[in-house]
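For reference, chains read A, B, C, D, E and F in written order, and residue numbers begin at 1 within each chain.
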Amino acid sequence: MTHYTLQGSTLSKIPWEERPTGKNDVVWRYSHNPIIPGDLLPTSNSIFNSAVVPFQGAFAGVFRCDNRRRDMNIHAGRSQDGITWQINPQPIQFQGQDPEVTRLEYRYDPRVCWIDDRFIVTWCNGYHGPTIGIGYTYDFETFTQVENAFLPYNRNGVMFPRKIHGKYAMLSRPSDRGHTPFGDMFYSESPDLEYWGRHRFVMQPKGGWQSTKVGAGPIPLETSQGWLLFYHGVLTSCNGFEYSFGAALLDLDEPWKVLYRTGPYLLGPHEVYERVGDTPNVVFPCAALVDAPTGRIAIYYGGADTVICLAFAYVDEVIDFIKGNSDV
Amino acid sequence: MTHYTLQGSTLSKIPWEERPTGKNDVVWRYSHNPIIPGDLLPTSNSIFNSAVVPFQGAFAGVFRCDNRRRDMNIHAGRSQDGITWQINPQPIQFQGQDPEVTRLEYRYDPRVCWIDDRFIVTWCNGYHGPTIGIGYTYDFETFTQVENAFLPYNRNGVMFPRKIHGKYAMLSRPSDRGHTPFGDMFYSESPDLEYWGRHRFVMQPKGGWQSTKVGAGPIPLETSQGWLLFYHGVLTSCNGFEYSFGAALLDLDEPWKVLYRTGPYLLGPHEVYERVGDTPNVVFPCAALVDAPTGRIAIYYGGADTVICLAFAYVDEVIDFIKGNSDV
Amino acid sequence: MTHYTLQGSTLSKIPWEERPTGKNDVVWRYSHNPIIPGDLLPTSNSIFNSAVVPFQGAFAGVFRCDNRRRDMNIHAGRSQDGITWQINPQPIQFQGQDPEVTRLEYRYDPRVCWIDDRFIVTWCNGYHGPTIGIGYTYDFETFTQVENAFLPYNRNGVMFPRKIHGKYAMLSRPSDRGHTPFGDMFYSESPDLEYWGRHRFVMQPKGGWQSTKVGAGPIPLETSQGWLLFYHGVLTSCNGFEYSFGAALLDLDEPWKVLYRTGPYLLGPHEVYERVGDTPNVVFPCAALVDAPTGRIAIYYGGADTVICLAFAYVDEVIDFIKGNSDV
Amino acid sequence: MTHYTLQGSTLSKIPWEERPTGKNDVVWRYSHNPIIPGDLLPTSNSIFNSAVVPFQGAFAGVFRCDNRRRDMNIHAGRSQDGITWQINPQPIQFQGQDPEVTRLEYRYDPRVCWIDDRFIVTWCNGYHGPTIGIGYTYDFETFTQVENAFLPYNRNGVMFPRKIHGKYAMLSRPSDRGHTPFGDMFYSESPDLEYWGRHRFVMQPKGGWQSTKVGAGPIPLETSQGWLLFYHGVLTSCNGFEYSFGAALLDLDEPWKVLYRTGPYLLGPHEVYERVGDTPNVVFPCAALVDAPTGRIAIYYGGADTVICLAFAYVDEVIDFIKGNSDV
Amino acid sequence: MTHYTLQGSTLSKIPWEERPTGKNDVVWRYSHNPIIPGDLLPTSNSIFNSAVVPFQGAFAGVFRCDNRRRDMNIHAGRSQDGITWQINPQPIQFQGQDPEVTRLEYRYDPRVCWIDDRFIVTWCNGYHGPTIGIGYTYDFETFTQVENAFLPYNRNGVMFPRKIHGKYAMLSRPSDRGHTPFGDMFYSESPDLEYWGRHRFVMQPKGGWQSTKVGAGPIPLETSQGWLLFYHGVLTSCNGFEYSFGAALLDLDEPWKVLYRTGPYLLGPHEVYERVGDTPNVVFPCAALVDAPTGRIAIYYGGADTVICLAFAYVDEVIDFIKGNSDV
Amino acid sequence: MTHYTLQGSTLSKIPWEERPTGKNDVVWRYSHNPIIPGDLLPTSNSIFNSAVVPFQGAFAGVFRCDNRRRDMNIHAGRSQDGITWQINPQPIQFQGQDPEVTRLEYRYDPRVCWIDDRFIVTWCNGYHGPTIGIGYTYDFETFTQVENAFLPYNRNGVMFPRKIHGKYAMLSRPSDRGHTPFGDMFYSESPDLEYWGRHRFVMQPKGGWQSTKVGAGPIPLETSQGWLLFYHGVLTSCNGFEYSFGAALLDLDEPWKVLYRTGPYLLGPHEVYERVGDTPNVVFPCAALVDAPTGRIAIYYGGADTVICLAFAYVDEVIDFIKGNSDV
């Protein structure tokens, strides 16, 4: 195995378990999954598809919490160990200049990206249809919302963790109003987080576990081999959608160019907490914590649209697997 | 908490467990759910969505038993404690004057309502499509079927337990021939149980857990605050329907007027016996036993279209919750 | 050809043309079709599927006029010859006791039936979905609306022109919320026009031109051979619905029993005014004027959901054709 | 009738016919419609949904010409009188810096907008799905394509004819990959025609002729009463889509605010060249020529997705009609 | 233009009109289309998609006649000039050994192929779904039916006019039970017309007018350049299917290999008799008569699933067009 | 109970458990189900719907193994006891003469049938759509593929274990390209395994658990009462397909004639390994081992499209049940 360089916050506290003996899987599950049950909050129906980051020597996060109305909203949370979380029972109240922008329809599937001096939060934001909402925070207490990135209908807006050629960069998956039986990934850039353009096609479904739609997962990880992007793919069986995840390496300079992409998935829904819930058969990654010195990666993913789970991998093994099993 | 007056048979034998410690849920599950497995009868595939009433110091009921042909039919049953049931292996054979009316296509989702001098049974009755069948019994041994209440296509016909302004009154949910991706609740009245009219709209879906369709559940309970109606609501996820239940308070005199209605659900499918079965993710209440002196309510509901379960609540808490979380 | 007795107002003024020479069709078109263009009113988009009756030595009618909002409503009209019509530019304003009943959502596809002392108007009435609205008039100037006959969803409510066994009788076609890719005909009765029951199945689709749905057309004509019912049937081609019409003979005493029913259609959409319009390929009959002494029948039908047309037939020939080409 | 001020190129050569006598329609058809048949080019299947502008004392235009492969593309054309057109048999070959942008998938439904010093052309551009392509020309001979305005999936991108608050402004209708059974209109702005943002909702369907989707038509006309926007609306009948057009007045400063909007349509598909063609029942306006001194407007619209037609109106009458029949 | 050799019966009586002056179309219509109206028979609703052959110095044919039940069946016919036809009012009654085979569900879209000593008739045959029926005749008076070629679901079975490598050969289009929103063409062979195998894929849809499905039309014509196959293609617009036809050249020895295939269609639905009828926008060719010495081809095609039309072409021009506009 | 004669290899090693006490089920599950987990191979996602046969005193099989690309393919395997299996990690590489035939798209749901001197393998084979692939092996090491039996679209091709009237015989279920919401069973025969014909309808869905589609399961077992065919049936609930299995007796000489057929299912999805997996609620039998002296049958079936399970029965009891509960 080659050793690849990984850019990323050193995180000595990362929760970690080694691969179970006798297994060859490149990504393996935490033995105490799920780490966050759907009813962690007294009024929550489910908590899943959420983003966590290292923050002030510990961890912070933005969590999708669907309440018992089945309203979808996002809440801030804090943790000392990345496993046990205190999630704010109140949804994030965004500040902002134009109530047309900050008005709440629904918010879901957040990602959090440290860039320059702040944490950028992106999410699927209801504005006469789903689009990509953008906000930022310095402290996970006060959050400011800025203009939606795109026109509806869009989902899975995921920022790159640094400007590329001087522009902010985002992946997203244009979609439709409903449950979207299709979906490609695109790249867009912005000089100012307000106006977006120079949209480029990145990748589309290509069969098997990723035959219906594909969408970016956690914030891409910068490695010497390209941007390491975990992404989910969907297969439509005769009983509905099934969500798995794999990974790709994108060109560092022109990230819309896919260098390698896993033919097999890295993790598919097999455990009961991934197969049984409000949406059966879903694993959906939204965050990856990395430890550059060791190459450890901790992937947070939603299970069955109901709970939050954790999985582990080594960056070198993941990159070798992508290259060795690529179907670009 | 205020104390509200509840009309209803005193039932000292009602099965009862208190709310689990550390929980705030207004409705909580019986710890030994499911109480009736799907294969209680040698030829049954599933037993669910059924109605029970106090009868002769014990309990009687009408049960939906789908056999291994997957024919849908209703059977009478008896129990001493409301938990352990003897269900007749033979479906109910209705007597009646016109074989065009008593001819069996299918019968499912019964409710039972004591009114005047007898138990009225209503159910979804196949007559060139689903409609509301009506029958009655004095003894749960002999049953007589009268004319269908409405033209097809209809489901969830639920009687009020007394005449209102001198007329029989029924809630129902007009639908279509198939799996009905819509459904509102209506009120109808009849001078004689044979001719029905003066149909009034009651309520429609309104988002979240109740965004696809709503249907009446148990016989409404008369309280000093209005008719207490438990009702199911359906959300369509990307993998199909999900059934939860909430409650409403209807005007005592003009029951088509909704005074209050829960924004959040009271019970959603969370347990494995509610999530896994012939129809995943279903809780479907069809009967509620009450104990007026204590305000205790025992709710019988189907789990995953496969088994019968039990949940508990206090009337005062339910009413306070409806009023405090109303989205009319 | 036998001579059958026809009950019906003698109408010497009936517009009439004999069958074109060289043709054998049992029903033939008026040579100046369409008789009413879609823009007869300054604000109308289309006028079609309407009902006319003899009235005070001339003719009156209730007309479906869709305006340029594409709102659907019904208007009264008068004519001296049944061909040239004055239609009131204002829709009918119904009087009634309960605004919940008279409130306008939409009204379309009216039928008019003389019974006892008045003209009963029935139509597809929007009340949280389409159902059968009922009103009456003595003079085609003042109209009173009474309770909707049925719960939604229903269309094509057609009264019988006399009570049967002392009860009002109506045919209707239970349906759904949308464009209804199905539909059977049912019979219902009422002691008072307010409460309806004793619903009986009458007929269902059975292939060819009547393979998707069937619905009653004009008020049934009483003959010595049974109730003569013209009805439309729908075939779904690869480019949508196609509406033709045929006829049936129903038992005089138990009209839900179909004695005979045409295998072939009597009239299908062939002319350009039947094939081209807001809904291509539609002939839809809503009224039939009869002249008992001669056995002449004049059928008013909508063309392509856009205009009103006229066709002619002799009752004896129609009955012979039904009997000779019956596929009950 | 009030007299409203209209901004717009004086165009003495505008083709013109007065309203037919005996008609009250606010918009009326040219008597020699269609003005451009579908096979004007030897290889064209259909020519429709096209944009014309005054140019050098005569007229120029960009035309949607579907060839007999049924490829969709846009061609430049010239005319002396706006009626008789010479259309270039070759599609427009766009120049541009990035072949990823200029690569042809398909181009259709163009609009042309004079702004500052050039003609901006926008169209529905195939780039892994439909989005809004942008190009410009000075002379209708050489055309340059710049970045797509938005991510897919989008249609009906229509520029405003001047900057608003220093920004380019565009209306568009986000959609999906297919025939889009929905569609709202949004407003977006750009500092440079390359990056777009500050997206605002403008209007949505609201019943009748505009119950399925709405999309901007010609370049909005600036009047003293607001931006006069002709727009198409779609009704879904039981046999498919039907396209009509109406008009709205948008706030001059904040054009996403709808001041007035026609309840009735201004023109619906009634003539055979609007009802019969590759897509039956379509009128689809893409350009409006104005003559400020007289207030005359000539509207170019596609008929049945097959041919190009012309209609006329007076600005004062149109504005009065919008205000007098508004359903905002 | 090169001169290509055409195999085929010399037919001096072929109806013929030259290309209209000023037109360049490779295929042009007969000026008196349609040649057979839908109601040629007293009981026929429509006559279309039919096959004609030279026979005994004149012409014979097998015609699809849908009656006014809308039953689909095939009838024999005769003509002296190929234009004026006498069609037998009775459908063909097939003889055969096994009533399971000859039992009539429905029969439609026949083709007729002279091979060896007889005329083979193939058609879409109802046998628990559509499949390919096979029969033969020597005289167009007596017809014998043999085993269905394939399992359901199949349509457009078209024989080659001679054995290839000693085997009967047939093209067909496997489909489904409904209106089939897909369809590829396959090749199959048989030693005996009873058992079929060695199925090979021939061609699939590829965009534009042939983007939904493709199916063989007339019996392929043998030329020095390959088998000349006219075939229909279908585009799905927002208002349904649209049928055009083009042509391909197949390898003489291995006919599943497509040598050339028209990018543009040869004939699309433009005339009113092709656009308006039971299925709007259909041209559907089922037979081609050839005159080898002159290279003239007369193509019989159905219009709008309602009537029969005629078009003309020269074989050399068609082949040149296919080669010069090929998109294999 | 009568004793029926069963033809079949004596297999003393058959794994066997008696019916659990207190149960009356005719078919009962192995207590250690599932016997093969989905991840038995390091790269497999799921292993299910597979065929096993007695071979050289032990067992061999052909297994459907979907890998983590979710490619579908078939693998050979061996076992000493029929419970513990060694499955070859590499898919079967078929030899054959024409690469057009042996080219791999996908292969799934194999059956294995001993006939004459070899094992015939049939499976659902991707060739421009699903059809029935055929191959054979003598040793489960080398496999040869011959021509596909049928045109697409077909599934569940199941051979009879001897020639009937000198012809090979196969059951199959013609279908479509997608998830096929329909499906009947047909019978076909072949003189040589290459050309197939004389197709006969066998059975169709008829309500309840077998209301959507039916397909043959294991190789039919020859008994003195007819061919004993286990077959799966599908019910479409509001949350998708549910697969159960029953059995039929087919005429020994004319196997397309159904003598008896179970009204109730024999086994439905009840256990968690049948209800939870990639396709919830599936039991799908593909092989049955028999022991003629004892009448024992061991049925191998897929669970939830994820794992392989085992069930047991006695032939006499099964035949009695079919006859006693038949709904032909």
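Everything below uses one rule, namely that a residue touches a chain if its C-beta (ideal position, glycine included) is under 8 Å from a C-beta of that chain, and two chains touch if they have at least 3 such contacts.
Given the structure is predicted, the values throughout are model-derived calculations rather than measurements.
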Trace the shortest chain of touching neighbours from chain B to chain D and give its length in steps. 2
Using the contact definition stated above, find the chains touching both chain B and chain E. C, F
Most distant chain from chain F, judged by the mean position of its C-alpha atoms: D
Equivalent interface to C-D (more than half of contact pairs same by residue no.) among B-C, E-F or C-E is C-E
Among the chains, which one keeps its Cα centre farthest from the Cα centre of chain C? A
Distance in whole angstrom between the CA centres of chain A and chain D is 40
Listing for chain C: what residues touch at least two other chains? 239-240, 276, 280-281
Given which chains touch which, is the overall layout a line, a ring, a star, complete, or other? other
Can you list every touching chain pair? A-B, A-D, A-F, B-C, B-F, C-D, C-E, D-E, E-F
Counting only contacts in the complex, chain F reaches chain B at residues 24, 207-209, 211, 235, 237-240, 242, 263-265, 268, 270, 272, 275-276, 280-281, 327
In the complex, chain A residues that touch chain D: 100, 127-129, 131, 147-154, 172, 174-177, 182, 184, 186, 188, 190-191, 194-201, 204
Spell out the residues on chain C that touch chain D in their complex, using ranges where they run on. 38-39, 42-43, 45, 67-71, 179, 239-241, 276-281, 305
